[in-house]
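These notes are about the structure you will find just below.
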Amino acid sequence: MRTNVHVKKRVAIVGAGLTLFARRLLETPAELAWEAASRALGSAGLALKDIDCVVIGSAVDGFDGVHMKGEHIADGAGGLLRPTVRVAMGGGTGVMVPIAAWWHVASGLCKTVLAVGEEKMSHAYPHPQAVFAYIWHPILERPLGPNLIWIFALEMAWYMRECKASKEDIALVSVKNKRNALDNPHAQAAANITVEDVLKSETLVWPVQLLDISPVSDGAAALVLADESVARRITDTPVWIEGVGFALDSSFWYNRDLSYPRYVEQAARMAYKMAGIERPWKEIDIAEPHDPFDYKELHNLEGLMLARKCEAPRLLKEGHFERSGELPTSPSGGLLGMGNPIAASGLMKTAELFWQLRYEAGARQVKKAVHKAVASSWGGLMQTSTVIVLSR
Amino acid sequence: MEIPGKYVREEELRKMKGVIEYVPKAKYSYSAGQALSVFLRGLKEGKILGKRCSSCGRILLPPREFCESCFSPAGEWLELPQTGRVETASVSYISAKRGKLERPEIVAIIRLDAPGYRGDEPEFPGIFHRLCGVSEEDVMSGRVFGARVRARWRPAEQRAGSITDIECFERW
Amino acid sequence: MRTAIVGIGWSGFRPSVPELSFTEMMYEAAVRAYEDAGVDARRDVDVFVSCQEDFWEGIAINDEFAPDPVGGVMRPTVTVAGDGLQCVGQAYMMIRSGLAELVAVEAHGKPSDVKTLQEIYELALDPQLRALKPGNPFFLAGLDAVAYMRRSGARREHFALVAVKNRRRGLRNPRASHAASIELKAVLNARPAIYPLTRHEIAGFTDAAISVVMASEQKARELRSEPIWLEGIWWSTEVGSGSVEWHEWGSMPSARLAAKEAYRQAGLKDPRRQTDFAEVEDRFSFMELLFLEELGMAPEGAHKLLESGYFDAEGSYPVNPSGGSLSLGTSFEATGLMRLLEAVLQLRGEAGGVQLRGAERAVVASWRGVPSYTSAVAVLGR
């Protein structure tokens, strides 16, 4: 395997838009896609007629309750009468959307691409947990009647043991991200909470408690990508996609050590190599690692090589990952603070870095100067990672 | 700046006209295939069967027709010991549909005692199953990690060729 | 920069393959494709692409099971919820962008594992439409067929003729498990299944897995003396499945738009003259005629040309010389790759009993099926 053999074209992000993230929104899936898409177009000063190609991302059809969901929301995503394609990588979908949009532009076949992520989890009634029953291997796992959180609990317990991290150490992620979300008007779960609040919340599957998890949500997010000539024409501050990476590990998740996400490292190395980054822990200024669960942010940070193995809990405690810290992580509020409409929340992370790199994040703007940023989404049976590196 | 999206509360939704309730009728009969069919037949007979990759020598449990690391056909079948160690475990207080469970369920990843393995490899023949005879406290205190366990089988006449033919893994 | 198909492999092609799991079918197809290309999946392939949909698989988050059977574990693997040809399109873009030199594309379908096929199709309809309880969701194709008859002047006989042509042709193709020796009369006398189509005019379902290995020009020349060039590929979505009312009934603008760009990439001005045959959408008999018109192959009216034998295997412009979907069946997202497979084998001179003589260039066109209005078109050449 050898990727990034001779990438030549530069691809920029020139616009971004989000809907509200909430437990239940009135809008249909297509309407949510449209709201985010039109917001992104507007921010780039473009109209739909200026768009050549569309990439849709949506994780699980079962949530919206519609089979072939990409076709279902194609109209809302601006995909009619143009080439439209949907990527679906479970939790990894969010960052896969701008990656797929990247190769649309980098191929020279599309000058502008609208990238839209949408998820409407409230359609699954009474609770989206029932849909998650279908992620498991139908013969080896489903007969045991697993719920989604089992697998996270098994991984979290392994990480805690391997890294001698306590529940208190990990709860700090939830505290930080929910607090960061207080400055995000799109957020569903912003709050000023303490470590005790997390530890007192309902234990769902030990060691996972209610406040360790991002809530289920409805929402959509969109980006506009453009090739260099278009980008330079429409904005003075394009944000460049410097590197993309993705990797999938084996579906046999109970045949390997889960305490370290080797597939995240694999995806990150691919993206960093393209971006010419050799020492990510020094060169990356700001990160939006995937945080559907609090420990996942630490796990992803280590996989992204922004902290050494088992080092993330200590750095967190020292304030390293705060907005005022050396390497702010999830300044948006992350999924823990923003809510987690799966494909949209991953795309939201890329959008947040776009705003941060343009110094447009308002109250959320991090203290330090930012030049290079990385976002990741994680998914599947502890196996999917998608990584994007941006610069200004 | 106004943010698109209108939040709807549960009670409001129930009162709205035109809400469509629809239960997907999705039924499947998944073909187990060459490898898992033999594995399931083995379970019915009270055996845990794995395969050995003829290229890298790795033991594949659950068995598959091909070794995904070498991308070559898996080799011979072998019966594996029914004992192993708990790598990680959790205690579930909720059901698959998010309801509260009366009695918590304890599940684990078990590293099987496979021939030729030292026991600390990052990749290993493993099984995902329930634990029995283990308390919540055993898990939360970390006592159960590394504990020796063995398969407890359902009575032969109740076995159906399913992963649940193993009732659970118990300490010994 | 040119892109080539350097390897292709398949598994199944029967209405039911009970002895293999879907991953085992994927593995078999992939092994054959890599062997055909002369590459080592683990060492040589840069990126893996898989086309599938959750509810076809019966597994939510279906990318979970994508990497293992194609050699994509711990490699860049991406899953796309679209027809296999759209996956080929993604690979084409990755190679053109310089991201990769060698990309493996996979799509599979195991409809025999799905016990409630009609209900799964129904689940793809907009919830508002489902509430009307419209019965068999294929009614949408019936609406298009009737609209097409009115627009074009084609009659039921023409549709039946497509079914006879393709089902009979498939008798020479070992992969065509739905081929049949049927007479025009039998087709016309059968009770319509979805008016105006009888069951003979609706493709059956097939379990199949197909893998394709694609390469940059330089890599292709290293691997094969005569690769098949992917001269152009594009896709388009006309309306969403939530906005079917906007569809231009009796037409297929998605195929028209996809063809226009694929032809531009391939430098085709007059596709019928510049290509030698086509493998096109025919899962409903009338679709073959509709697609031929949208592909610019029949300005005179496709049904008139069909009558004259123009599209027969021995005719001036053979269409679906493989037997098409009416003979091969459809296999969810692998359907487009089924057409691609047949075209590649044909161009290589490896089509056996259905081999045409001297075919140099082909058009492949596929629709994503009810209730989508998405199509993809590819141009292949030797």
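Each chain carries a letter (A, B and C) given by its place in the written order, and its residues are counted from 1.
Note that in this section a contact is a pair of C-beta atoms (placed from the backbone, for glycine too) under 8 Å apart; a residue touches a chain by one contact, two chains touch by 3 or more.
Note that this is a predicted model, so its numbers are computed, not measured.
With centres computed as the average of Cα coordinates, no chain lies farther from subunit A than C. With centres computed from Cα atoms alone, the innermost chain of the structure is A.
For the pair subunit A and subunit B, the distance between C-alpha centroids works out to 27 Å. Distance between subunit A and subunit C, defined via averaged C-alpha coordinates, is recorded as 33 Å. Between subunit B and subunit C, the centres computed from C-alpha atoms are 37 Å apart. Multi-chain contact residues of subunit B (touching two or more other chains): 22, 24, 28, 30, 32, 36, 64, 68-69. Shown for subunit A are the residues in touch with two or more other chains, namely 62, 65, 132, 138, 250, 252. In subunit C, the positions touching at least two other chains are 42, 55, 58, 67-68, 73, 120, 123, 127. Those residues of subunit A that touch subunit B in the shared complex are 18-27, 32, 35-36, 39, 62, 65, 125, 127, 129-130, 132-133, 138-141, 143-147, 149-150, 153-155, 157-158, 161, 185-186, 202-208, 218-219, 250, 252, 254-258.
Per the touch definition, subunit C reaches subunit B in the complex via residues 17-24, 27, 31, 40-42, 55, 58, 67-69, 71, 73, 110, 112-116, 119-120, 122-123, 127-128, 130-131.
Listing the residues of subunit A that touch subunit C in their complex gives 1-9, 28-30, 58-62, 65-76, 79-92, 96, 99-100, 102-104, 106-109, 131-132, 134-135, 137-138, 244-252, 262-263, 266-267, 270, 379-381, 383-384. For subunit B in complex with subunit A, the residues that touch the partner chain are 3-10, 13, 21-22, 24, 28, 30, 32, 36, 40, 61-62, 64, 68-69, 87-98, 107-109, 122-130, 136, 139-140, 142, 145, 162-164.
Every residue of subunit C that touches subunit A in the complex is listed here, in rising order: 42-47, 53-55, 58-68, 72-82, 86, 89-90, 92-94, 96-101, 120-121, 123-124, 126-127, 216, 234-243, 246, 253, 257-258, 261, 368, 371-374.
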